[in-house]
Structures are given as C-alpha cells and as structure tokens.
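Everything below concerns the one structure shown next.
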Amino acid sequence: MFLQTQGITKEFGKLRAVNQVSLDIRKGDIHAIIGPNGAGKSTYFNLITGYHQATSGKVLFKGEEITHLPAYRRCKHGITRSFQITSIFPKFTVYESVLMGLLSHRGVTLSFFSASKKFFKEEVYRILEDVGLADQADTLGDSISHGDKKRLELGITLGTEPELLLLDEPTCGMSPEETESTMIFIRKLVEEKGLTILFTEHDMSVVFGIAKRISVLHQGTLIADGKPDEVRANDEVQKIYLGGTA
Amino acid sequence: MKRIAVLITIVFVLSLLVVPMVMAQAKPTPAKEPAKAPAQAKPVAKPAAPKEPIKLGAIYCFAGPCYMYSESAINGIRIAADEINAKGGIMGRKLDVIVRDTEMKVDVGAREVKDLILREKVNFLEGPCSSGVGLAMQVVHSEYKVIRVTTMANTEGQVVDKFTPYIVQIVPNTYMEAKAATRYLHKKVPTAKKFATINPDYEFGRREFAAFKEEITKLVPDAEILYEAWPKPGEKDFTAFITAIMAKKPDAVHSSLFGGDLVAFTKQAAPYEFFKTPFIALYDLPVLLALGPDAPEGTFGFGRGCFFMDPNPKMLEFVDKYKKVRGAYPDSWAVQAYDGVYLLKAAVEKAKTSETEAVIKAMEGISIDSLRGRFTIRPLDHMGSVPCYQGTIAKDPAYPFKIWKDISRVPGDQVWRSEESVREVWKKTGVVR
Amino acid sequence: MSFDILFNQFMSGIARASLLFLVASGLSLTFGVLRVLNFAHGSLYMLGAFVTYSIWKGLLIPVVGFYIATFLAALVMGGIGIIIEFFLLRRLYARGWPEQLLVTYALVLIITDLVKLGWGGEFLSIPRPVPFKGAVSLFGFPFPSYNFFVILLGLALVIFLWWLVYRTRIGDIIRAAAHDREMVAALGIPIPWLFTWIFVLGAMIAGLSGGVAGPYGAIALGMDIEIIVECFAVVVIGGMGSLPGTLLGSFIVGQVYAFGIMFKPELALAFIFMVMAAVLIIRPWGIFGRPER
Amino acid sequence: MVIQKMEQNESMVKRGWWLILLLAGAIIAPHVISDFYLVILIEALIMSLFALSFNLLFGYMGQLSFGQAAFYGLGGYTVAMLITKVNFNFWLSLLAGVGVAGFVGLIVGFFCVRLRGIYFAVLTLAFGQLLFVIIYKWHDFTGGDDGIQGVFPPGILKIPIVYYYFVLLVFIASAFILWRIVNSPFGHTLKAMRENPERTEFLGIHIARYQLITFVIAAAFAGLAGALWVPFYRSVAPFYLMWIKSGEPVMAAILGGASTFFGPVLGMFIMTFIHAYILGFTHFWPIIMGTIILIIIFALPGGILEFAKVKLKERQERMKSAKGSP
C-alpha cells in the first residue's frame, strides 16, 4: 500500500478537525479530497505532510510509519506539498528557486565550497520547461504573474523529485486556460514520472476532470470514497454538497 | 550591477589611498578645546628661538564619571602651559598642548596614544583618568619610548607591578592613599575592630581594598572584615549594598567610592542613618559640591589635594588664577595636572634637552615646589613623594559648600611601598630594573 | 539570617524594582506595541533627569519645586518624543525593525553628546524633596521614605496605565494594535497618529522616571547605557507589551539583584541575564506576553 | 540559454578586474599613507572581518544578533590569556581563540536558533551581556575590569606594517572562505531559509540545524577578528563584549548594505575612518557619527551598496527601454 492513514485524528482543544479518517491512496493515482469549507481537508493534508502532529491514529507511507516524523524528514521520504497561499522565494530568481529543491533532495546542501551555480543545470532547465517558465529563468519570484507563481511553486516541489505530491488548491485564482494547462500538466506528471497526486480543490470541473478517485470529508469525517461517478451518485455527498437532490 | 560595483570600488580604493594621504599632510587645526573652556589670553608673540615647540599630549577620558575630572585636568594643564609660554616657554621652546579623548575605552586609548606619538610627534604625555586605560596605554607608549606623567589614574600597577621607565606618577598611588586613609580612620576610631568595605569593582577599587586590608591588620591585629561590597563602577542604586552592610553592624566602614557613585551612595545611605557608623571615602571637592547640604558632617574623607586640603600661598594664588579662568574652585585633578606640567619643565631644563632617555635620568631624584608643597621623584620606581590628605566633613561659613576640618597631610614617603617590597613585587611580575 | 535582615533586603529590592518599573513601563509600551527595540529609551530617561535638574535649579520653589520640575520635564520629554517619532521613526514603520533599531542606536549617541554639551560632565544631584527626606521605621529597620514615594508613584502609574489600556477606547486600540497592526489599520484607525501618541507617552514616562531618579541617586553621564539593558530584561521577562508583565518583571529583577548582592555579590548582575535568557528560551513571549500571531 | 552563459563569464572578468584593483590598492597602501592611518586601516580590516561574520547571520540568514561582540571578545581573551599566562604559541592561540568562540557559539546558538526576529535579537543580547558580566566579575581568572595587558605578537609581527600584511592576508582568506560559503549550496539554503523558512522546511531542510551551523561559523570568525585585534593593541578588556560593541557591525552592515556581500566592509571602513578622523578634532564624535547614521538610513535606504545596485538597475532599464532593444 502506497499511503495509508489509519483512524487519523487531530484535535485543536475541544474541536476535532479530523475524526478517525482511514484512507488508502494507491501509487500513480490522482486522488482528490473535497468537502465544504471547514471539512478538515487542509488539516488532513497537514497531518500527512507533518505540518501538524496527529492526536491519534497512524500515517503509513510505503508501509513505514511516519506519523511523528517532522516535515523535513517526510520530505526526504518523497512527500512534498504546495500551499494554498502560494509559497515561493520572492527575492530568488525562478532558476534559483527550482534549484533549491534539487539541492536539498540530492543532499548537497551541506557542501560549503563548491559554487551552487554549477549544480544540476540541466535538471533545473528541464523542470522549468515542464512548468513552462524557462523563458523567465532570471526574473525574480515576486515579479511574475500569479499563475506563474503557482507553476513556480509546482516547479520547486518537483525539484525534490517527490513520489507523492500534495497540492493545496493548485488551480485556485487561475484563468480557465491556465487551469486547463495545469490539469494537462498534472496528468503528464503522473503518466511520465509515475507521480502520485493528492490534491484538494473547490472547482468541481477540475476535480471531476482529472481525479481518478475522490474522497469527501464532512466535519472531519470521511463520508465517501471511490471513483468519480460513484461519489457523484452517492446521496450523502449530494445532501451536504449539492443541497439535496440536484 | 557590475558597472556600479566597479564605480563603488574605484571610489573605495581612492578613499583608501587619497583621503589618508591628504590627512597625513594637512596639519589638522589644533584640537578645539572642549566647548566650556573660555578663550585664553593670547600668549605674547616672543620671537621664540628657531627650535620647534615641545609638544605635550594631554590624553584623558571624556566619558561617564571621568568626563568632569578630565575637564578639570585639561584646565590645569592649559593654565600651566600659558604661564610657561608667557615666560618664554621651556628653554625658549613653546609648549604646545594637544588634547585627546580615550572615551574610557582601552582600545581607543591605545590608538589615541599611537596617534599622538606617530602623527602629532608629541614629546611627553599626561593622563589618563581610568586605571585600566592607563595600564593598557603604558604598554604602547613604552614601546614607542615616550614618557607619560600620570596625574589621575593612580593604580599602583603603573609604577610597581607593570613598571616601565617611561612612567612618572605624581598622584598618590592606591597603596599610599589607602594606607594614609586607614591610619586616619584608625586614629579617629581606635576601638573599631569589625570593619566592612565597599569599593568599585575594578583595578582601582581592588588595589585600595588590598592596601586597606594590609594596613588595618597591622594597626589592629584582631581586625575583622565582615563584608566586602563590590558594586560595579557607575552603579546608581546602592540600596542593596547599604542594607547588606548595615545588617553586619560594623564598627567602621572603609570605601574608595568616588564621583557620581559616591554621590548616589551618600544620598541613598543617609535615610538608613548609615552615617552614624564611622565611614571614610573619597569625599573630594566635586562630590562635596554636588552633595551640597546632603554632605554628611562628621564623616571622614580622603583626597589628593584640592585647594581647601592644602591652603598654602602657592595654592591660594592658583585658586585666584583658576577662578578667573574657570569661574570655579580648582579640584585635585586640576592641581595635579598643573603640577605635572611644571615637573616636565623642571626635568627638561635639568636635562637641557627634550630627548626621552636624558629626561628620564633628569627626572629620577628631581624635586620641585608644587602646589602641594615640595616632593621628589623616587629614582627606583618614578613614584613622586606626593602628599595624601584626609579630613572630616564640616560646614564652613566662607564657602557655599561643606569642606574638611582637622585636615591631616601625610607626605608620600611616609606611606609609599618600601624599595625592598617593590623589588619583591618585581620578582613576581618579572620587571627587570 | 534573621527575618528582619531578609525583610530589609527584600524592601531594598522593592525600592529598586519600583524605579525599574517606572522606566521599563515606558519601554514596554514602545517595545510591546510598536515592536521597536528602543535603545534610546534609556537616553530619554537620562535627558529627563538632566532637564528636571535644570528646571528645579531654575525655579527654586522651596517645597513643591521638585514635583513641578519633574512634571514639566515629563512634558518636555513628551515634546522631544513627538519630534523623534514624527521625523524619524514614522518613516521607518514600512521598513524592517532593524533600521528602526539602528535609528534608536544613533539617538543614543546623539543624546549622550547633547547632555555633555548642555550640562557639561558634572554629576548633579537633587536633594530629596521635603516630606520624603528621612526614613520610616519598618519592623525596627529604617526604610527611606523617598523609596515609598517611588513605590507610590509606581503604583499610581500602574493604575493610570491599567485604566488607559484596559478601560478606554484608546486602550482597546492599543491592545489590538499590539496584537495585529494590519487589522487595526484595515479598520480605518489612523495608525500613524496612534503610534505617535504611544511613543510620546513612553517618552513622558521616561522623562518622569528620570526626574524621580534625580533625588534617588546621582544624575550623571552613563545613566542611559547602564539602565537600558536592565529595562530590556524587565520587559522581556514580564512579556512585551503586557503591563502586569512589566510589573512582575521589575519585581523579579529587583529581588534577584537585591538577594544576589547579599549572597553572591559578584554574580548578582549575571543572575539577571540568566533569568532573562531562561525566560526567552522557555517562553519567548514572556510570562504574561502572548505569542506573536 | 547561450546569452545567459555569455553574460556570466563577462561578469567574472568584470568582478575579477575590480578585485585586482582593490588588492593592488591594499598592498601599496601602507607605503603611501601615514603611520597613524595605517593603524586605522588595520583596525578597519579587522572590524570588517567582524562585520562580515555578523552579516552571515543578518544579511544571509535574516536574523539580527545583538551579541556577536561576546564571541569577538572571547576570541581576544583566549589569545590574551594563553599568551600572557602560559606563554602559548601565538599561532596556536589564534586558532584556540577561533575554537573557543566557535564552541561558545555552539552553546549559545543552540538556544538562539529556535527563536526568530526580535526574540532572537533580545536573546543574543542577553547571552552577550551574560558573558560580559561573567568575564567582568571573574576577577582572578580574567583580570576583571581592566582586562589583560602585555599581549605581544611574536618577532617581526610587532612592526605595524608587517602586522598589516598579516591581517590583510587573514582578511582576504576569510572573506574568500565566507564568499565561497555564501555562494555554495549551503549558502543557497541559508538564503532560501531567510526568504521563506516554511517553504524551505518542506523541501527537506532542518531549519534549526542549518541556522546553528551558520551561528557557529559566524561566532568562529568573530572570534578570529577578536584574536587579531588584541595582539595589535597589546591588551584586552571586558567591554569588548558589551552590547555597544555588538552594535558596531550592525551599523556597518545596515549602512553599507546588508543584502550585499561587501556592504558591511564598506560600512565598517567608512565608520572607522570617520570616527578616527573626527576624534582628531573633537571628543564630540558620537553626535557626528549618530547624525551620519541617520542621514544614510534616510537618504540611502537599504544601505549604500544596495541603493547603488537599485539605482544601477533603474538606469539599465531606462537605457534598455530608451534604445528600444528587443
């Protein structure tokens, strides 16, 4: 089993944000986690990436327990994420930002003397081409468009050559064309690189567009999990989501 | 980015080369006096012999508690220099005074001494105020073979432990001063057995304490020191120390607190009726002036010779001159700095040259009539047999501030360290003489 | 160690704590609300002491002269606070706090010299005002009545600041601004003017405590360097921007110093910084402070 | 791709050029300037090394430390005590100074790196003052308030010009090492942590560990600066560790431009020369220095070099748009 959460729970004081969620995510899947606001999607995400420590329950990655590992150690295992509010390096150039991911993943960040410019030039340019930012390699992070910033963050995470990529609302704030190209790009990542994608999204057309499996959270509990059409037909989901029968 | 970096570098390199060159050649205008000193009478333009002037580097500490003392010392030096120049200078050579500030910091002091020696080419030095800076400075000016007369920093370390031939001390050192003060305290309170002490925690305070301890055990064999308080210099809140001392109920208290620290201590101790216990500290003119009515009568003070401690005719004449120039009474710092200039004059005239080694030989054994009476420079360690003064604080109708009564003047040679014990210390500290 | 000796040392700790609280409360305002590491606060305290001395010497009104002088000095320092905040700090709120810190550092250099130029170097002293000249006997030990005056003044300031911060609309805004500056600005409250008033209030408190320090000890150059680091200790231990925190902080520092002097005099100062470091390590935002948002 | 490469080696030549000019200037300087200003030049070089080590934390790691003088002083004290008390070999005591400063930096850093921003600054201030008070009060071991005198370098190093070349050599070597570190993958990680600690952590970097390593490096180089200073002035005193001394590299970095590598060096040179120059005239140098700082902060935001960089970029944009180049 690729990634498994067993009865994972997270309490903030009395509020139980995530309640006993057990879920299996298969390798190579594009798995969407949806649910109305406050359903615990982000908290669930944070439990897997190590941003929060779980109150109880287990997280297993490739059979290994990573429940209490700090975020940077989980990244070494191949789990990385993008943030809802795009989180990039403002004063770094696009090139330097993607390079950072690679440096960390290839474990050279403790080399003190060789010039960082010499490292992984081809890999960085390949990633930049993948995310379509090759022409802006030398522009500063904070002076590119919002859509480009999203794709830059994607590029940065790809720098760590992850196996599991968690995307927090990847297309939020994107124009329809940008959303379309991001969806194609995600599909390409899975097919070419064998990545597994776990993402949350509000835009249902994106969810049903690319997701192979969908899980629905409501007030912290898992209420549905399966193929897109199974979930669409599930009346529980309809009740909480589409407000009774469509 | 590149072109601007180049521009910056060129400017930077140029400043590296040109600015100092310009500095080196252009004679900096003579150091401006501190803002308060009034304009001096223009010295009479006597056709001085073509010899160049003798330059005296007056290097004091214009920071923290030392600021005021340094100002007085500069005034003393200026009055002496103007008098000497009015009478044709030293052997016809005009006496130039260059003032520098150490900011009471060891490295700035050492650098300013280098500046005076290398750039201004001074023949002699006078100062500084703080003992720590004095010791550090001594290493530097001895290396450059320039004589320094110390009139304020009085740690015994200068003339004993770390003696170099390039030092002359005409302020009673910590050993002499504390010994004389202890004798006065003992004379006033012969029955006292249990003592407490409060000294500023640095070179000066530690040396005064050590000398007090040595002398009191000689005078009172079963004397006992119940509590040693070590406030940091510049301490402003002594309450905790006062209550800690009084808790021990000592018969008498010895202290080498001075200046702003002593003022704060006195005001905080008064309400605790601390001054019912016999107490001796450096109650000199500036402290008595600041305390005014708060100065505790009947308490003992020791000092180095301000006007009321030694009202001889030469001193009273100096008081009028000082009042005319400064509009105030001269304190011991002005008196000793003034004596320092005349000592240098006497030594240069005896040596017939301002060359260092000759002046050192002339200095050894020389005696002069100073504002504080006659004293001689001991050849062994260049220590002057300068008097130490003690007295009891009392009101005096003639002055708006309190001064001393039943003043005792202890000549230096009665209390300074004997030559044998100086040699003993030298064995330990490795001084070869 | 009999009880009354310990009690007396405790009271001397209280005396020191009350003066420290006076100075530190001003710093807690500027440091806590404006998040400005204000090194110049000590210099405003020193300047306040010298200004009080000059006004007191100028007026020479017998009994009440000292109190009027201190009050006027506080106003003068408020004026200086306006000048500093308006012309210097206000331009820097957009920029990082390191630049603000450097401006206050430059002010320390400037004010030290202004005092040297203005008052020369003598250490001055104001005699203790009439009703508080002597001492009051407490459990058989004399306790300087002036220390009571300082303690009373400290309490009065606590009540005033407590009323201002917790019982007035301005207080609510101050507390909100301490917590989340952008939010308050978003609500349309003219943040710049609020900050000016807070800085001015801090400067006035510094002036007042400077004036009060006159009779307590000596007024001399170097007062600023010596008190500012202890004030930082008080504010950090208590919790930045929290009034009860500053009160507790000054109590702790006062007592640590007093009993340090009694038992291990040479380490008394070190104890203060050890406590400061410990609090910062265990609970960075101080005992009563709140973690940054 | 190609254009990018070409631009790079052009800049190598350009940077190389002004470095050589700077080096030439530094080599001939002692024979041109007066003895006194040679002393100031040595001072400026040593303090620039101190400012560079400080800027590793402030400019590159993004954390302001207000206690670096403690390590600077410790380096100095180690050399002073080894030379005067046990007559230890001069070169080894320099290394010992660096070692002691680095080791104490490890202990202090362990606690400081878990804090950020103002808390980091205040904790370093607290530790700095703690070390100052310990050295100040430990009278029998460190000589207390008046410090230690008579710390002489061996043989010809006593001659200022020889000591100058020795300091110049050490400065160039250290600057080169720091430059390499800052441009190495480790330096890249450092800058990433400054830009966005959260993002960097999620790329697999243990923030506290990297900050601790940087803290130790900065402390070690500060110790080296102290170890170079003390033998030159033949003495050391406790106030070398005080917060006022810690403020000097902060001033230099912010004046010169903390976001550039050589900014703090330029800042420190300007401050040292102005301070020495003013002192020749009046002892009211603090008010002049304070005013200069205010002028630079308001007139040249971001420091001299940063301001120059920004101005240059604007001029380049204007030229590009004016020429209407593609």
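So that you can tell them apart, the chains are marked A, B, C and D in the order they are listed, and the count of residues begins at 1 in each.
The working rule: contacts are C-beta pairs under 8 Å (C-beta built on N, C-alpha and C of every residue); 3 or more make two chains touch, one makes a residue touch a chain.
Computed from a prediction, not measured in an experiment: that's the story for all the values here.
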{"item": "Steps needed, at minimum, to go from chain C to chain D via contacts", "value": "1"}
{"item": "Co-neighbours of chain D and chain B - touch as defined", "value": "C"}
{"item": "Chain separated most widely from chain C, comparing mean CA positions", "value": "A"}
{"item": "Chain-chain pair with the highest tally of contacting C-beta pairs", "value": "B-D"}
{"item": "Geometric centre distance via CA averages, chain B-chain A, whole Å", "value": "74"}
{"item": "Approximate Å spacing (C-alpha centroids) for the pair chain A, chain D", "value": "42"}
{"item": "Whole-Å gap separating chain A and chain C, where each centre is the average of the chain's CA atoms", "value": "51"}
{"item": "Centre-of-Cα separation between chain C and chain B, whole angstrom", "value": "35"}
{"item": "For chain B, residues contacting two or more additional chains", "value": "35, 62, 201, 232"}
{"item": "Overlap residues in chain C, where contacts from two or more other chains coincide", "value": "116-117, 266, 269"}
{"item": "In chain D, residues with contacts to at least two other chains", "value": "137, 139, 284"}
{"item": "Chain pairs in mutual contact under the definition given at the outset", "value": "A-D, B-C, B-D, C-D"}
{"item": "For the chain C and chain D complex, residues of the former touching the latter", "value": "35, 37, 88, 91-92, 95, 97-99, 101-103, 105-110, 112-114, 116-117, 225, 229, 232-233, 236, 240, 266-267, 269-270, 273-274, 276-277, 280-281, 284-285, 292"}
{"item": "Contact footprint of chain B on chain D as seen in their complex", "value": "10-11, 14-15, 17-18, 21-22, 25-26, 28-29, 32-37, 39-41, 43, 136-137, 139, 144-147, 149-150, 158, 229, 233-237, 239-240, 266, 269, 273, 276-277, 279-284, 304-305, 308-309, 311-313"}
{"item": "Contact footprint of chain C on chain B as seen in their complex", "value": "35-36, 62-65, 67-68, 70-71, 201, 228-230, 232, 234-244, 246-247, 259-261, 263-264, 267-268, 271-273, 286, 289-294"}
{"item": "List of chain D residues in touch with chain C within their complex", "value": "58, 64, 111, 114-115, 117-119, 121-123, 125-127, 129-130, 133-134, 137-139, 243-244, 247, 250-251, 254, 258, 284, 286-287, 289-291, 293-294, 297-298, 301"}
{"item": "Residues of chain C defined as touching chain B within the complex", "value": "5, 8-9, 11-13, 15-16, 19, 116-117, 120-125, 127-128, 133-135, 141-147, 213, 215-218, 220-223, 226-227, 257-258, 261-262, 265-266, 268-269"}
